[in-house]
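For reference, the structure is listed below as structure tokens.
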Amino acid sequence: MTRTRKLENWILTGGSLLAAAIWTFPLYWAFITSIRTEDRVVSDGAGVVPDEFNLSSYVEALFNTKLLTWYWNSIATSVIITLVVLISGMMCAYAISQMRFPGRRLLYGIVLASFMVPSQALVVTQFILMNDMGLINTWAGIILPQLIVPVVIIVYKQFFDAVPKEMREAVVLDGGGDYTLLFKIYLPLNWGITTALAIITFIMSWNQFFWPFLVVTTENMMTIPVGITQVNDAFGVYYARLMSVALLGAMPVAIAYLIFQKKVTEAVMISSGVKG
Amino acid sequence: MITNRRRDVAVAMTLIAPFVLTFALVFLYPTLRMIALSFTDAPLIGEGEWVGLANFKRLLSDRLFFTSLKNNGYFVLLTVVPTTVLALAIALTINRLKGALQSLVLALFFLPYILPVSVVTEIWMWMLDFQFGILQPVFEFFFGKSIPVFKNPYWVMPTVAAVTIWWTNGFNVLLFIAGLRNIPTDFYEAAALDGATRWQMFRRVTWPLLWPVTALVLTLQLILQLKIFDQVYLMSSGGPFNSSYVLLLMVYREAFQLNHGGYASAIALILFVVIMVVSVLQFQLLRARGTK
Amino acid sequence: MAVQLRNVRKAFGTVQVIHDVSMDIASGEFAVFVGPSGCGKSTLLRMIAGLEDTSSGKVSIEDVDVTETEPAKRGVAMVFQSYALYPHLSVYENMAFSLRLRHAPKQEIEEKVREAAGILRLEEQLHKKPSQLSGGQRQRVAIGRAIVRQPKVFLFDEPLSNLDAELRVQMRLELARLHKQIGATMIYVTHDQVEAMTLADKIFVLKDGVVQQTGRPLDLYRNPDNRFVAGFIGSPAMNFLTATVTGREGDQLALRVGDTTFSAQTQEPIATGTIVTIGLRPEHLVISETGLPVKMEMAEELGGLAYLHTRRPEGEEIVVEWRGDEHAVMGETLKLTCPADKIMVFDSEGLRVR
Amino acid sequence: AQEVTWWDFLSGGDGVRMKALIERFNDEHPDITISGTTLEWGVPFYTKVRTSVAVGQGPDVMTYHLSRMPLGLEEEVLDTISEDDLAAAELSKEDFFPASIAAASDEKGALHAVPFDIHSIVLYVNKSYLEGSRFLDGDGNLTGIDNLEDFEEALALAKENGSSAPVSYATGDDGGTYRVFFTLLKQLGGELIVDGEVLPGDNMEKAAKAIEVMTRWHENGWQPEQAEYAASVALFTSGKSAFHMNGVWEVPTMVDMETKDTLGFDWGAVQIPNLMGTTATWADSHAFAIPAGTNMSPEKRKAVMTVIGWMEKNSLAWANAGHIPAYKPVANSDAFKEMEPNATYSSLAETAAYDPRSAIAGVASPVYDAAINIISPAMHGYMDPQQAAEQIKSELQSKLQ
Amino acid sequence: MAVQLRNVRKAFGTVQVIHDVSMDIASGEFAVFVGPSGCGKSTLLRMIAGLEDTSSGKVSIEDVDVTETEPAKRGVAMVFQSYALYPHLSVYENMAFSLRLRHAPKQEIEEKVREAAGILRLEEQLHKKPSQLSGGQRQRVAIGRAIVRQPKVFLFDEPLSNLDAELRVQMRLELARLHKQIGATMIYVTHDQVEAMTLADKIFVLKDGVVQQTGRPLDLYRNPDNRFVAGFIGSPAMNFLTATVTGREGDQLALRVGDTTFSAQTQEPIATGTIVTIGLRPEHLVISETGLPVKMEMAEELGGLAYLHTRRPEGEEIVVEWRGDEHAVMGETLKLTCPADKIMVFDSEGLRVR
């Protein structure tokens, strides 16, 4: 390698590290703010170098708000959404991909079209519907409208399509039916894509703001993203507390991401169809 | 295959039932109801009178509606192409890094994407706070004075756009990286043997081969950014003097603050149609360019 | 009869793929369907398995009409070209799969799998996943999966085509041994005539959904019924030249190709002046002082043996087998002759003139 | 046992004190449990109330601003509170200041909320900027601010002494801007709405004048630019402001910091001085209300009223948050009269200026929208005061039809 | 010398992949690098192209040291195994690509592309996209892209390995013809020894990054330097047996394999009792009354020719070429002999004992 190319590499590496550092600076700053006392936060000369390590605002956030309840709501609804979306999506995709029944093309057409339909535009009537069903302020109310994730069906279908026909025929020759095929063969064969879709669906529903914000009115039913905006339970100056609530809210998924980074990266790529 | 056709269809029905039923309940029915509601003067909850096209006529004279429509367009302009270009640039840089360093840099750029929107807005409102925001000295350096970005009609949309880009850009970076990884190194080696410069490699090899991914990113972004609500609601609530009002915010206000279910549905219907039309159009357009 | 087809036809939509095929495969026989790609071999096999409906005709297995029977109930087992191993299951579970579906007792499953593994020398691999196996081992697992079901008929659809050349030879050997060992009826599909020749008790040569000829391997090589079979069987393929009948002397038919005269041994009467096609196998061509002039183009070297690719001035390519030391180089002209009893004559329809 | 669902919008010092009250109540009443939810103050709170009441998902009892009563009545989100209800809470209308009862009733005199307090804005002072000037008397109390000129002189002085924002208030916030504007308007003798007409006659000039004053403060660099609520408080507590105009509810913040010794300067709180000619200060009341359409059982309703009654009787603790109790027995008690700094500004009760009684006024109403969308931009230089006043008039007038 | 390597080494990290390779390729020569997968052929080729740095040593092209020269300036053109055709460009644009990069005049581009297309018979395809072409056509476009650049040296990295067998033979022919026609220096990488034998003027046999032997194709077949080359060149591969030297008589070395005695023609002295390996090519083995006893396992039929797969009781497999009519059937015992001048002897290091 020539010297200029080496130098270039150094500049590139240094440059991208710097850019990444700048990119993540807001998170760093939020963290620094959160471990300061409120007075320190707004005093002159509170620079970017951490000079205090004070967890009082975290203690406040954890015990003076309903953060723990919101965690529970977020986890429960996200997990249920993920499970239901995956299972129903998988079943539907299997039928579209592997079976012949009247309306199959139409169904897939609808799935493809609903990919483009803005569900946010439906909030008003979805809200009315949830009210008619008495589901305001319930998990079911939070969950139901989030159950339509067409991309899950589209991706599953693509992957099921790619399973060799012989796999199916082998099972048929062995005397297995469609449920055997789906749950004993197609599903285990596509564990990778299932985890990928699960990760994406989970992140999506965990971060959902608009709908839970509408359908939940009581503090006890709020999810994390809604809870942290609805309640500024602090007085006077509350920046440190605000940042600690925000960081605590972001923590679970952020930690999960940092641990399963490769998997998440792959999941995004797969579910957007850029990589199969 | 020799099988029992009728039984097969029955099995298929049980398989599609969960999705189809949910779809009908929370998607199809609300859509139809939205259309029906848009011709009435119903409140959010309760019955209304049939008013024909009155809601739509009213829209035509509602200044806020046109402001919002314009702002939606402005926001799309501010986000879609910039985020695509930025993501591409970042992806190209990251793609040249190796091993652990690559994962690290990628992780840092992707991290904001997994944050809930409210966390993002809380952090940025603090970053940009007029009195204590860490970024105000930067504004002072460049513009000679601090700027209350959420209170200034010229700054508010670009700021919301910038925060949005910061938040969602990691996703696009990933797509571009996946796209770049799909380009065999052979192409670059062949081009190197042919004497291509860096720029020529990008212009003549990378860019055309990346076009499908670029089209995908543009389409996804367009659909996504037309649906802007969360960031605007949380950061500027549509102000100052409505200079960041957007359609979905208007839907929300009419339905949930002012109790105008019918009028809100009319606006939602317009938004619905706009997004469908724009995304289908763009899809066709981009595909056409791709195959050319 | 283990398998019997009677006037079987198959159409996909309006496209007739199998035309009125009847065949008999005896119990214990190793039957091979061979033919070019797309000729309908797989379709035929899949019809026997029940994976494809028959448009008309009758399929019987062990003298029971199974035309309308579900695949699982026909008592056939199939080994796919892609193996179709379940990648998420261990070798053991792959083999046990069909028994589990039938809720066979644990004891029985264990026994049968172990037995099959013994036959296929897979005892050591039972706990592994297919991805940890070599190509040949995977192939054996696929066969093992068939064996445990103790089917009346084994069906193979190009089971070796995914293997590399060396392994293919080895697996052929294994298949032949397996057939000897378990003595079951096997139907084997391939488009590789070497495989067919090597394995078959009986070959069915197919073309465009029609059986061209049936017989023992070397019979087909020596005594093909038509130009298609002659060209298909034998490697490298037979060279074909257009010739004019110039006369007959006893069983020696005189033929002219360009300016060169050949004589071929035939009994059937044929008029002087008829345009026929003659077939000359590369291994029967001799380079001599006189004969058909051709120009050397390239030698395909195998070491002790070379195939010389030559071309007539008229443009037809002729391949000549060469054994010996130095051969002609590119551009040189050679003269070719062939013994009369090795020349085959085909009429304008491609039918053999014997 | 009855569980009473309780919503409030009380944050800051208010929130802490209300939580303490709720806890005390729950301790003292084994048969009733208050389960409280605190929602974001202002538009979000009232939006949620409106939506929840519409879908029958409202709380059993909630805090409500009396300034918003007409709007609340128009939205039909408030249940009436009968004499029997009051009796159940061991209260009667006579226990309250008549003005607040009037504010809590509809045109026909039916009660829709139980007043809890009166709160207004006050002027917080950082004395260190005024030391040695004529604005501090011998006891270190604020003095000598009798008109606008005096006040502006004090501001200039503070600026000279290094205060970066001599008078801080939430200039980038609807509430902060509105309260100061309304105070100034009232001090000018102006009215916002008279007989269904917005800024009639010379009230328009007065509104323009009020905005002009605020604009001048901005132009002279005396008030912070576009300060969010928290920032405006932080400016004062961190010692950057000499004066701070904010609600009494921030008193506990100062008291707490003073006790913890983190404030770093001598502070005081006084009634907003008469700057424009008339003594007047914006004021509002917190009250308890029962959402419409809850169909609660008599037992539940009794429990709810018990909660309200208890809260009223224990409102001395609430006064701790700087408010003046609306319940006369407490307001007239000696204990309250001795409470500091409330005593310093308790005189304002007489000069309190409430929002006009109109469906477009009150917290989270079009009037507040006008503050953030018109007044705040105007004082930051996006339009001139006269224009702004005109726009307020036209904007609000159209909402009234 | 068109291409000259001197003491070239290459390490990836700590792994030495190319060990001290020196080679000379004359102008106009068709050189082939052959060797098993992973032996470093591609790496070597890429070092010549400049796509890979050399860890040490010198690469010269037409007597100019290019070790530090950029790929584009070396005057080489490369045809990749994957073809690396730009899918978004037409055939014409693919071929014109390098000229466009150099901002060649339109006129010149047109001329050169048309000329190359003429040579490769691609005139009809110029407007098509690569995805619309057949495998062979794609291959030709890839070559066309190299031709337009008029390089000093053409580099090919397994250009035919993606094609099916039939097309491969045809494309080999085309490549040979092309080499004749344009007379340029070509370096060709393959792991297929038949391809190497067929195309090369000079073969370099590589193993583990070391050149094993260099020479003309038939020289390598007849006179391999070591066991590796002997086993690698020739198809089917040479049979190897372990033998003990039992004595010598003139140039006849007596060897014993099991109970059978062979005699081999060698000059070099070798001690009695030494354990050696002898190599017997299938085409040289003769079935006779006496000789090495082996058991018949399977016949690989080619029609006129069959390879008999046999096995010694000791377990070693021996392949015998058979030409003639009926051959032994499975299970039969055969006796094998081999003419003395055809037996090759290798010492314990695998080096040839001549």
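As written, the chain order gives the labels A, B, C, D and E, with residue 1 at the start of each chain.
Heads up, the rule we're going with is that contacts are C-beta pairs under 8 Å (C-beta built on N, C-alpha and C of every residue); 3 or more make two chains touch, one makes a residue touch a chain.
Please read all numbers here as calculations on a predicted model, not as lab measurements.
Asks: Under the touch criterion given at the top, what is the topological distance in steps from chain A to chain B?
Replies: Between chain A and chain B, the shortest chain-hopping route counts 1.
Asks: In terms of C-beta pairs in contact, which two chains are most connected?
Replies: Chain pair with the maximum contact count: A-B.
Asks: In terms of CA centres, which chain lies closest to the overall middle?
Replies: That would be chain A.
Asks: Among all other chains, pick the one whose mean CA position is farthest from the mean CA position of chain C.
Replies: D
Asks: Any idea how many Å lie between the Cα centroids of chain A and chain D?
Replies: Distance between chain centres: 40 Å.
Asks: From the C-alpha centre of chain C to that of chain E, how far is it in Å?
Replies: Roughly 29 Å, centre to centre.
Asks: On a C-alpha centroid basis, what's the spacing between chain C and chain D, in Å?
Replies: Taking the mean C-alpha position of each chain, the two centres sit 95 Å apart.
Asks: Roughly how many whole angstrom separate the Cα centroids of chain A and chain E?
Replies: 54
Asks: Got the chain D residues that touch at least 2 other chains?
Replies: If we look for residues of chain D contacting two or more partner chains, we find 51, 55, 234.
Asks: What are the residue numbers in chain A that touch two or more other chains?
Replies: 42, 131, 169, 172, 214, 229, 239
Asks: In their shared complex, at which residues does chain A touch chain C?
Replies: Of all residues in chain A, those touching chain C are 164, 166-167, 169-176, 180, 185, 188-189, 191.
Asks: With touch defined as at the start, can you tell me which chain E residues reach chain C in the complex?
Replies: 169, 172-173, 176-177, 180, 194, 197-198, 217-218, 221, 233-235, 281-284, 297-305, 309, 321, 323, 326, 330
Asks: What residues on chain D touch chain B, complex-wise?
Replies: So the residues of chain D touching chain B come out as 43, 47, 50-51, 54-55, 75, 172, 224-228, 231, 234-235, 372-374, 376-377, 380, 382.
Asks: Which of the residues in chain B end up touching chain A in this complex?
Replies: These residues of chain B touch chain A: 1, 3, 8-9, 11-13, 15-16, 18-20, 22-23, 25-27, 29-31, 33-34, 37, 44-45, 90, 93-94, 96-97, 101, 103-112, 114-119, 121-124, 126-127, 129, 131-132, 134, 166, 171, 174-175, 177-179, 181-182, 213, 216, 220, 223, 226-227, 229-230, 234, 248, 251-252, 255-256, 261, 264-265, 268-269, 271-272, 275-276, 279-280, 283.
Asks: Touching residues of chain A toward chain B in the complex: what are they?
Replies: Residue list for chain A touching chain B: 12-13, 15-17, 19-21, 23-24, 26-27, 29-30, 33, 41-42, 48, 84, 87-89, 91-92, 94-96, 99-102, 104, 107, 110, 114, 116-129, 131, 144-145, 147-148, 153, 169, 172, 177-179, 182, 203, 206-207, 209-210, 214, 224-226, 228-229, 239, 242-243, 245-247, 249-250, 253-254, 257-258, 261-262, 264-265, 268-269, 272-275.
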